[in-house]
Amino acid sequence: MTDVPGTPGTADPGTTGAGGERRTSETLYYARRNPKLLIGASIVLLLLGIGLIGPLFIDHGPNQYIGPQSTPPSGEYWLGTTSFGQDVWAQFVHGLRSTFLTGTLGGGIAFLIGTTVGFVAGYKGGIVDEILNMLTNVVLVLPGMVVLIVAVAYLDVRGLVVQALFIGLTSWPWAARAVRSQTLSLASRDYVDLARLSGRRTWRIITSELAPNMSSYLVMSFILLFGGAVLIAAGLDFIGLGPAGGVSLGLMLESAVAWSALQLGLWWWFIPPGAGITLLVGSMYILNVGLDEVFNPKLREL
Amino acid sequence: TGESGAGGSGGYPRNETLYTTGTAWGPPTNWNPIMEGNYAVGTVGLVYEPLFLFDPEENDYTPWLAESDEWPDENTHVITLREGIEWTDGEPLVAEDVVTTLELGHFDIHYSNIWDFVESAEATGEREVTVTFSEPRPQEWMNWVANRAIVPEHLWADKDQAQVNDDPNADPVGTGPYVYENHADDRMVWRRNDDWWGTEALGLEMSATYIVDIVNASNEVTMNMLGNHEVDMSNNFLPGIDQVIERDETITSYYEEPPYMRSANTAWLIPNHEHEALGDPEFRRALAHAIDIDQIISGPYTNLVEAADPTGLLQPWDDYIDHELVAEEGFSYDADEAVRILEDAGYVDEDGDGYVETPDGEPLSLELAVPSGWTDWMEAANIIAGNAEEVGIDVTPAFPEQDLLIENFRRAEFDLMINNDRGLSNTPWTYYDFIFQLPIRDEQITANYARYENEEAWELTERLAATPTDDIEGAAEITSQIQEIFLADLPVIPLWYNGLWSQSSNRVWTNWPSEDPDTPDSYATMWNNLYQLGAIYTLAEIEPVE
Amino acid sequence: MLELSHVHKVYRVGAFGGGRLRAVRDVDLTVEPGQVVSLIGESGSGKSTIGKMVLGLTRADEGRILFEGRDVSRIRGFAARKEYYRHVQGVFQDPFSSFNPIFKADRVFEMIRSSYFPKVSDADWRERVLDAVGTVRLDPGNVLDKYPHQLSGGQLQRLLIARALLLDIRLLVADEIISMLDASTRIDVLNLLVDLKERGLGVLFVTHDLSLGNYVSDRTVILRKGAVAEMGPTRRVFENPLHPYSRHLLSCVPRMDRTWAEVDAERAAHPPPEIDLPTVAEGDFSAPLVEVEEGHFVGIDQG
Amino acid sequence: MTLRVNDLKVHYRTLRGDVHALDGVDFELADGEIMGLAGESGCGKTTLGKSLIRLDGRMRHVGGTVELDGEELPIADDRAMVPFRYHRVSLIPQYAMSALNPTRKIGRMIDELLRSRGVRPRKVADELRRRLELVGLEPDVLGRYPIELSGGMKQRVVMVMSTLLDPSLLIADEATSALDVSTQRSVVESLVGFRDRGYVKSMIFVTHDISLVHQMADTVMVMYAGRIAEKASTRTIIEAPRHPYTRMLIGALPEVGTTTSDTRLEGIPGTPPGLLDPPVGCRFRARCPLASEECLRTPPLTEVAPGHRVACWKTGA
Amino acid sequence: MWRYIGRKLGIYGITFVVAVTINWMIPRFMPGDPVRSMLSRASVSDPEALERMTAYYNEVFGLDTPLHQQYFAFWAGLFRGDLGVSVWLYPEPVVDIILRHVPFTLGLLLPAIILSWIIGNRLGAFAARSKVLDNTVLPIGYILTATPYMWLALLLAWALGVVGGFFPTAGGYSFALTPSWTWGFFTNLVSHWFLPFLSMFVVALGGWAIGMRNMIIYELEADYSNYLQALGAPRRLIRRYAFRNAMLPQITGLAVQLGTIIAGALLTEVVFNYPGLGTLILNSLNNNDFFLLQGIFLFVVVGVLIANFIIDIVYVLVDPRTRVRMTGGAS
């Protein structure tokens, strides 16, 4: 669950737009007119809002048995109840929250590693690049999910954070590659040399010269990593390697299946978590294309 | 393996084949009856057979390979084998076979411990075996007799330790009603042994030519297969099956209404007595009162199980329960009572965090462990934790890997857990052995995980073991004393009876056991030891649909 | 002041760094204070590489680069390097890529300040900046507080020179600083270099345009495939090119006074004298120079 | 008369309004004429070149006409232009280095292009080889991929390819800017050779480099901020320019041999106006040393001598 | 060329060593004891016997030697094609078990990958053709790639299997059959294969379509496209070039996506109880059979490495740029 969908285009981020102010205003102009960006962002924000605020309005725990068993959606239980009488809506809302958390954490960790490796490899070059490249290739070739399964299987404690950490540790390589190639092209730009001539340290050059120039690219990479992390986490949850005792959309799906929701016709139990994940990740991807079109003058349409 | 018979091209004819599932947790890989827990389910029962069957309804032993037995004195058991039984390779069943089987126990195998009390086993005739005991323990001995499969001397006598433990025995030679036909990773196929001795001797004719036992898939897949009548009998716990049974005429279980299933074993809440508070009987009693079993039963189990008796004994052992005592001393869900007991014993919430502290004022928080992935138990643990919270006991559910949990509880590294290691058997001794066994070792491997030390209770248990199996009254007297101790101390807390999961499709095969007097009463469950408890009859009693 | 002796630079090239490319081969050259030395050559002849090595942006593989007696390639550590940049600065080819497009152009001054003059007060600093901007003949009101895209190439290039002037520089490496500029603004920047020279700075002026090199420089070094083909006082090199390569190069320069045909005809009429060029054995990567007349050297013939 | 451009106006549509990249351009190009097109960056040279062959998505034809060999080019109509392209008007783009499909062998790409334009590759195969040889390329480049060629080789391949159908008009946009002087010379000489052999009738050669124009062009047109400043024969432009801008431009060019010690050249102060909202009147006004009241009105392009047209009030026709 | 292959092989070699090492390490440094768990199922009651049996199995599995010896023994075994004995399916050799399951997984993976790649690319190129198509194909593609594999699999199983009854929903072939070279068995095999295949295919399809669409848009903006347009070349030709060139990054994309698709296969197999490596992983996981788990892991890694290598070679063969760069052409 890594690359491809809406991978930031091949356009050179450094050349996008001429600069500063004008770029910001133009970006905003296009952003406001890009339906993909608008639709994607509003769905993501809506889901985020539900995940953030939703739990505040629900006074019972997501796993509490509070209502009648197996009731279809109604005014009282918006998404019905599970066969134990748990409120599916409450689970969904909490699940969204932790899905966002896994995505942010897992995607964030992968992003940190990936960008750091990419920046350092691309900027430093030489033997450092060789080694990091090798590392990247090694991790890239290792089938992430299988590594995760093997690793997570032997973990003593399975929490959300640990899960996210492991996902982060395995899903960074393509981001590192992408950032590296961007860095390579940016690092040959004269202002980078000029910054060195101005007595700047490497990390400052990376953070204040290179990174800001690839910000759109970085944002897009993060989004993809986020989506990937959510999907991987859902997969792990589904085969029972999810966080113990937690709530997440993947775990909801797992328990819906484990408790025969499909066979018993409790569609309101197994549709929402899957649809939630699909909607979230899908709109993230669409948002990404939108961003690409906004940041990348080649793709803009008047 | 794998020369296919009928399965070759056209497959096994549907109306001659019984499809079952729910018993095997992995691909069949060995047919070695000594490798308990590893052999393909059916190896013992369908291929290899025991000397006796235990009939839980009658609380009696049915001679099987044996024709009769006799106790000349309490230290001697003489077993006579039936005449005319042949191994599938044509050799006759002889007394030496039984002796060899017993003597395999000198190797490191799971029943090595019988040699703790068996002194010798000799063939005193061609079909007569005499077993002498160094210490009479008829209950325990009969447990062996009614469970363990006899292996042929002519094939097994020369095996060494490694072969006994490792040999997959891919070409099993037994005496039973079925023989090995075929297997794949997701199935085990048995073919009827048309020369089976039982047809003549017992008048039992196996109905299905083939039994295809499907390796357990996920609940959802199993449910689909059952719904499509691709399997005839499922021995899985299928949540929500009650709705299917209600809805679908052709899917039946033993009872037509809750609990639908008979009971197979008791799920116990096991506290670690080495833990300060859990070592305190009052605290355990409070805990027992705090648990709202009905919530578990109607929740994750959708009423497919029943609450356990306060003694924890299964229904077939009703004779051994002292009902008067239970009425007086038994416990039931009563949160207020729980709070009261806690208060009296000095467990109160002084620091106002909502949870009680120990009488010394130490904060008290407990972890309730159930194996990860056991979804029903996980839910139950959640409920118990919630119940405990209501009376002010801080219990957090934890879901470690099963193997980790096993290792931990053997070493007393746990607070609370749920366990059901022992189930239906020929004697309640197995239960009391499980609860009271002494001495406590560094590792408790098969019994007394709670580490409850009560010499008196253990002594009573030993006496129960020594009680002749037909002396039910004598045994009940002992169990009554044991129950007095049990109910006072509650070393472990009985929760509910796990079901003897069985749901059958009547589309191809019918006449499944049920409470209806017109149908058989045997067990329709093919788990490992249930053949020896009479499930084998079911295979003869089912009838093909026209 | 700046002295390169037997400097080599080998890049690893090819898809997997298998190949070797000798971008700079056995180069000797010196820059004196108050002198503009042009480094002329075709694309890929190693001009920028030399500039980068002098600026410590890439390391020489062999040889020594001495700046005021200290070996540049042996500078270790961040502080030492920073100190070096106090005296040696560079301006690059593309003025637009020398500015980070998302920041205002005068950020280049701020960077100098934060690295080298953290203690200077705001007012003081502003004074210095205005001074430097004035020196490069820019109107501060026009160029300060603007984004790079709001300024012309010439303005940007001059800002960069102003930036270098904020430090106490003694050597400026100017790598093709005019090639991206319009003809109308080029000359201003060139004139600026001349001003600097008059202030006693050494300038290493990298260019591929012979007429521009000729315009400002005192000495000229013609590079070919990383090695020096010809080196000497500018006037001599242009009026009397000795190396066949230099001659060829000069004959291809589009000139305003003569067409190519005329140049060819002239050359045919007065064929230049043959010169004995130094040769080296196959596999020997040295590139010896021969002094043909005083201060005028020719290098090896690379075919 | 090969090409006649009348009051051509082409704008770029942008967010902040139209960029008046070509704002009334008038000129003629005779048969066999090579016209150098010079001017500061951003004055509209590329725009002019593109307008004559293919307007891209953001360009809008606002007014004016283009006639080629007496036939009007429907430059605003992408479809209608197709028959003219390649056959009649062709182009050597600025980006010749990347103009070839990187994954096709060159010969094959040319074949496919020809076929798609209704020409049987067979018919021109010999001609193709001949021309390749003419520009100093072995015919076996046809069997190679673009990446296997150097920049100069690619440039020449594009040159041959673009002129294969003997167009009337060839637009060469900065065709040699990326090349080394020696390669530049041979490419430029080949271009002149193509004209001489009649492979192309006339040519517009866009460049920054006036000295290069001097080497090859018959006439030079100098543009300034979307307008024509001056057009005349090369010799006239170099030796007797009339427009102050041209004069200052020529004056800013150092010659081989000039050094600072001889003369100190001067550049042109100031920057050209933005074309988003160009000033009225003469656009060079702000930088012009001669500017006066008059210059507030737009100067017409007037013929001051035969073939020499200037747009300046001060040249007083 | 050979250099390049050598170098690639080097990288894969290192990856392999790393993978093997990780693989060897994880179970040994994580909690849980496989032998214990094996014995716990055998319910051996006598503590001394348990001790003896533990020692016995530790020896069988080679767990009684010092760690470094275990490590080297592991490698030695590897080269003999010996991945040890399964704990769960004791005493069957791990390799045998895996080899039995590999065909099923390959049978799912290969067609799913290849078909989705080919069709997805066509679809993506097709979508880039017009705005209407783009606005329909694109969102659908995104939704598809964002669908968790198992969810789609569940829905398909439910809709086409249980409710529709068109396809069986579990197993690799009917429980009534034994494998044989007959038409009946083959059709049965295919009918069991179809749903898992379909769900993987559909999810992967979306990804490729999107990738292609994005690539081709860039290609259509490339200089060579502009040049051809200026010369009046028809759109068909330009599209053809763009498509071909956009394919190349998609080939590398294939290598990058392999891990994801394999993950998808694992999840899909679990849903359909398909007897491939995915189900096997889950089972070995649930049974703490780390020898088996290690073996599968190695198999998957080796498979991925081989696939990557093939992709690398193919890439070199189809992209003249890399090929020329490698054989050291001019420029």
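Annotations for the structure displayed:
Read from first to last, the chains carry the letters A, B, C, D and E; within each, the first residue is number 1.
In the analysis below, contacts are C-beta pairs under 8 Å (C-beta built on N, C-alpha and C of every residue); 3 or more make two chains touch, one makes a residue touch a chain.
For reference, the UniProt names are A, E = ABC transporter permease; C = ABC transporter family protein; D = ABC transporter ATP-binding protein.
Source: prediction; values computed, not measured.
The set of chains touching subunit A (ABC transporter permease) and also touching subunit D is given as C, E. Set against one another, A-B and A-E show the most C-beta pairs in contact at A-E. Set against the C-alpha centre of subunit D, every other chain centre is closer than that of B. For the pair subunit A (ABC transporter permease) and subunit E (ABC transporter permease), the distance between C-alpha centroids works out to 22 Å. Subunit E (ABC transporter permease) has its Cα centroid 40 Å from the Cα centroid of subunit B. With each centre defined as the average position of its C-alpha atoms, the distance from subunit A (ABC transporter permease) to subunit C rounds to 47 Å.
Per-chain CA centroids place subunit C at a distance of 54 Å from subunit E (ABC transporter permease). Within subunit B, the positions touching two or more other chains are listed as 218, 220, 224, 227, 373, 401, 404.
Shared interface positions of subunit A (ABC transporter permease), defined as residues touching 2 or more other chains, are 153, 156, 240, 257, 262-263. Shared interface positions of subunit E (ABC transporter permease), defined as residues touching 2 or more other chains, are 31-32, 154, 162, 270, 286, 325.
Residues of subunit B touching subunit E (ABC transporter permease) in their complex: 2, 4, 7-12, 14, 17, 19, 25-27, 29-30, 35-38, 108-110, 112-113, 116, 161, 165-166, 168, 182, 184-187, 212, 214, 217-218, 220-221, 224-225, 227-228, 230, 373, 401-404, 406-407, 421, 441, 443, 445-447. By the touch rule above, subunit A (ABC transporter permease) contacts subunit B in their complex via residues 63-65, 69, 83-85, 153, 156, 158, 240, 244-245, 255, 257-260, 262-264. Residues of subunit C touching subunit D in their complex: 42-43, 152-155, 182-188, 190-191, 194, 208, 210-212, 214-216, 234-235, 238-239, 248-250, 252-257, 259-260.
Partner subunit B is touched in their complex by these residues of subunit E (ABC transporter permease): 31-34, 36-37, 40-47, 49-50, 52-53, 56, 60, 86, 88-92, 97, 100-101, 154, 157, 161-162, 165, 168-172, 174-180, 182, 184-185, 270-273, 275, 283, 286-288.
Contact residues on subunit E (ABC transporter permease) toward subunit D in their complex (touch as defined above): 222-224, 226-234, 236-237, 241, 244-245, 248, 318-321, 324-325, 329-331.
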